[in-house]
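Order of writing sets the chain letters: A, B, C, D and E. Residues in each chain are counted from 1.
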């Protein structure tokens, strides 16, 4: 009698990769276990998943959002404790941090991948205009100015319509260089730093300058608009997340390169947002826990790491085992891990547990700052006030 | 035998007392017509008999069976509505058959009865048409046909001809009279129309304000009304009522039908012609008397009176009626 | 027929009442009940009206609530001001007895109404997109390029733009209802007007409009209920955050975000239910105002 | 004809106004349809151009059709929509008949009760509904959806249908009673056929939200076997999607069935709506 | 002067030729009544005169002015509709005032005219009521009032009384006659009702199938119809037509009005009574003759004939009319 495992996920883009590559590989190695991948739209995933878990109809395996969303599920008894899963040894503490209780005692999801932020650029455009890849802020803005002057290309493809783009691809992309990655993030959590500090306001200051380099009507530009602008060769630089790689490879007919967020002065230490983004856990109510654990162990294996990272370039394995990747762009981006310090997005752990929600507020502040409707200082002050209103260490 | 017996029937809609102590006995094969002013309760009474409304109190007996609590379908009655109420989505045949089918009649029997009814009403060419494709008169006949096929003991008609035009109304009136003769069923018929009431009824029931004013044969009511209301209600043009003062008992009212007045220079009433209506077959004069009363005179044939002419009117004392101030008939 | 068996009334009502109660009212009631609780250490804790106190007392919550309510009123206002008059005008033109191709026009104008919000949101985002350039290039073609702005992205114009898109989508409904009402005005009354010299616009203002007022009343209340329950279009076009900067946030999106959570914000069924209860109260109040204050004063004409 | 009464200028203006609005109404739909047949580049370069030999492409449709069992999804959507409509119409008409035909205590109250449903978004009852379906074992069956849509459609159906039913002549129903028809027969054989146009109106108003709903299929019946077309095609309308060929094709495909259903009901709809009962 | 002149008016609805070469001259202050079977084009003709329909060809002249292309409001006419067509949202005053306001009349003038009309029609107590709060007869009067205030040269009435009940119809008929006398305007009146036509008209126009059959004073048409159709159409009960064979020219038809037949044992026609209609004021006998024709006899007063009785009928030869096989009058 075969056991069928169902996976809940928001990654509907990956449907065919799961169906064609990942699942067959697992089923071949584990006869008697069948797996179904049933993704829903990302925007509805949380709501749908919560409803299903409450009613007991969710799948056996749950794709885990990082930090609080999953922690709440674990606290609510919806996710099983996986601390004792054999494959957990394959992951570093940092890799597991997004799916642990605050004290780190319990881990409830098997980390799958992280995504790295940076900038993807159109190599042809850079060559045409004779632009070197920027490493410092000054070079970065010089390049933008040059592209803008020339007029062939929109300097940078980003819109503010969807809001999260501005925060994720903007603020959290360039921010770690200012707040020194993990140091700054943890200081904030401990209440030792404040969002009104220069380290947290400065990224907004840079963002405020971006507005001038975005396309006409960027206010109404949506995320797909931005993607299309870039892949159709109309924009030169794209503030990116590494998950774009496979889509861009398929759609762009020019060569692409990537650079990490430029630092203030040449030779400064660089920091990148290497965000633990996706993991997979076990529905505590699953009747097929045994088979599910088998699957989760496999997900924690080096085999899966290599399979997944190559099937979805840009989703970088969190497995301690080294993964060889074919994609040059993915190689370029993952190589930043070696020269820069990694950190995760500043707002994801702990700080977005209350109302007002710091993540949402950050989206909002990033957009406002780019549009010039709020000064960086005012944005910082507003966020700090909001955070302090419910977060003890910041009061 | 009595086809219908109403005993102390009362009907109220909430506060409104619409039917008041109605008692009526209808004999077998009798044709009864209800008349009365609009809103007097004719339709309501008919609907109580049909079982479409429950009487508030009192008893309804049809063919000796107490049906006060029986649903309409089981009362052995048929009803023809003013609006015909044909089933618009069924053809003529379907309209007639529906009730029988519902009752589980045999197919053969149904076909036979429909054929007979269609023949009687000359509806054969139209059996497959829908109501919308029929003229008013034809619809009317279908409604009657639907009533006939059920072979009821008692037919109820609520102003069945009022939607027809004059010519058709006259023709259908005669058909209904024949139908009554042929079917030998009892019929109760509500109408506004004088001529229908007078020509069709074995007995007329005059209602007023939820009460029966008088019951009797048309000629009895016409010639011997119980009160001023009935006297004035029947007959067209209607009866002249004169302050009897100079002519009879003080305070009383004298009723003279227009056709009993005649023109005579030396007549008891002197006046001038205010209006002349020439109908071809007869002529109505509206005469304003010295007492400033308007009197209608109906003359047979065509006459040459002109408006403004001074004339005298005479009448046969024997043919006048007297009423007291409350309208009650004063009998000699 | 008070004295006879009434089982049929029960039979007629039962299926609808059962399904409706079990699948709609009971779940809704069960959910609204949550407004009186909050999540505590050990499950749910009864807190009485505390959630409402938070909703209206805590400036963060009440700010969002009043913002959404205000936006909702603006949304409704635009519908009343644009959708219903356009619907009435279209219906008035369509009801002209000898107009040719009337059926064709009617169907075409009704088509947006049957499209899903996803399609509508997507299509209009494309058309208004400054990148894709349909709207700008069309304005350019008539020399009005300067008028173009990224309307959906500006705080000042996003809500109005969305309301107009919604008007575009739903104008078919008032049109159809008014059309029906206009057709039921007896021809003879209009002809009497014609003989009185009341034709064209005069006939519309002086005869038709007063006669269709009851229908306009019904449409207004339907618009009200619809608008205060609206959610999908904003969600499809602007996402649950109802950007930019909550300028398109209406009660529906506010409720969704609170109830089901969003991104890093976790869903809070208790506060969500409190919002839903407030919405319900607002809608019910509107309906009652209509039923008791407006409809009873409005004359319905039987022709 | 009608020279004394009708001014040709007026009629010209009328046509101009209607044509303008028709263009406005159809333009977005046409843009989607036209572009769904173009290559990705052409969609962006010249969004308003018709596809020509160069820019014509069916790649979007190919992508869409190979993504899932669209025929099955379509069938599921059809079943859910048609069966739900059937129950909405049947139960709604029955309740409307009871409310409009019989005077009984609580009649008005019952009418109000049945109208409450249009004042609260049913979505917020999701968890309770899901619980119910779990307990009755209906999760991941089409019945779960059918029940929800039936409940959701009832308030409006009762409202519209009872308005119409009040207009069915009392004489007609009484004639049926005298003919011996039971109340049920009167309802099914006399009243239902006569309110067909109203039923079409209700059908159109309910069909759209049912067909287009994404939420309940996602929660109550997300299984592959019970997926609806809208749910099946949402893969292309997700957040991380740039494949506009596929998006536009999926949208075009989603427009078609509703359009067909609408055409099926629309003649009745016009008749229903113009018989003047939704007043 | 001529109030209205119709010259070769034709009207087709698509294929259907409804009015055929209508020529008619209406004198000032004349009261013209259109009669004819249902669907013969009476309403259409009235609407062409009003300008609510355009004539397909021909010319309409009102008061010497060619109005063929003039919109209704500018023709100097008023129209009263069968359904009254009152504006339901306006009170009585508003109904009367609307047209005047639209025409930009002076407030004072409007008030004055309304007061006058209300007085004439006894509508003063109802000026603030809406149509729904009025009885049928009152609504009728409001409709007339609305027509009066416009001070038209020509009034058009399309079956204005057909929605009223018998009693009210009789009263309103008299009122309209008085109105005509008081206003001194020309009136054109469509009706189905014999009595209305006969009593109101100066001249009656008989239409049939879109053509004018005959125009003349009521008595002229009654006594001297141009053809069998007109003869049969006017008069109730209608004229008897007998195959003239035994009595007159072969192939011809003999017309005898029911009131010109008398009962006489030795009468020229022998038959048996098939049906008796007793109307109180007069009695109709339906007699089946030996030749199996049905003859209606109208007797003044009440008579005692019974169904089945064998009777003889006599008639005054001088008062019979003859028609040829096509229905054309054969004059001696």
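Basically, a residue touches a chain if its C-beta (ideal position, glycine included) is under 8 Å from a C-beta of that chain, and two chains touch if they have at least 3 such contacts.
Everything numeric in this text was worked out from a predicted model, so none of it was measured.
Q: Strictly by the touch rule at the top, which chains does subunit A share as contacts with subunit C?
A: D
Q: Compare the CA centroid of subunit E with every other chain's and tell me the farthest one.
A: Measuring from the centre of subunit E, the most distant chain centre belongs to A.
Q: How many Å are there between the centre of subunit B and the centre of subunit C, using C-alpha atoms for each centre?
A: Here subunit B and subunit C have centroids separated by 56 Å.
Q: What's the distance between the Cα centroids of subunit A and subunit B, rounded to whole Å?
A: For subunit A versus subunit B, the centre distance works out to 91 Å.
Q: Which whole number of Å gives the spacing of the CA centres of subunit A and subunit D?
A: Roughly 39 Å separates the two chain centres.
Q: Residue numbers in subunit C touching 2 or more other chains?
A: Residues 132, 194, 199, 256 of subunit C each touch two or more of the other chains.
Q: For subunit D, which residues are shared contacts with two or more other chains?
A: 2, 5, 44, 126-127, 182, 214, 234, 237
Q: Got the subunit B residues that touch at least 2 other chains?
A: Those would be 71.
Q: Give the list of subunit A residues in touch with subunit C in this complex.
A: Residues 43, 46-47, 50-51, 67-69, 72, 159-164, 215-222, 225, 228-229, 347-348, 352-353, 355-360, 363-364, 367-368, 371, 373, 386, 389.
Q: Considering the complex alone, what residue numbers of subunit E touch subunit B?
A: The touching residues are 37-38, 165-167, 170, 174, 177, 192-195, 198-199, 218-219, 222-223, 234-237, 257-259, 275, 277-282, 284, 286, 298, 300-302.
Q: In the complex formed with subunit C, which residues of subunit E make contact?
A: So the residues of subunit E touching subunit C come out as 50, 52, 71-74, 77-79, 81-83, 85-90, 98-99, 102-103, 130, 132, 146, 150.
Q: Flag every residue of subunit C that touches subunit E in the complex, lowest number first.
A: Checking each residue of subunit C against subunit E gives 186, 188-189, 191-199, 202, 206-207, 210-211, 213, 299, 301-303.
Q: Subunit D touches which residues of subunit C in the complex?
A: Touch list, subunit C to subunit D: 6, 8-9, 11-13, 15-17, 19-20, 22-28, 30-32, 86, 89-90, 93-94, 96, 98-99, 101, 103, 105-120, 122-124, 126-127, 132-134, 137-138, 168, 171-172, 176-177, 179-181, 183-184, 194, 199-200, 214-215, 218, 225, 229, 231, 252, 255-256, 259, 269, 272-273, 276, 279-280, 283-284, 287, 300.
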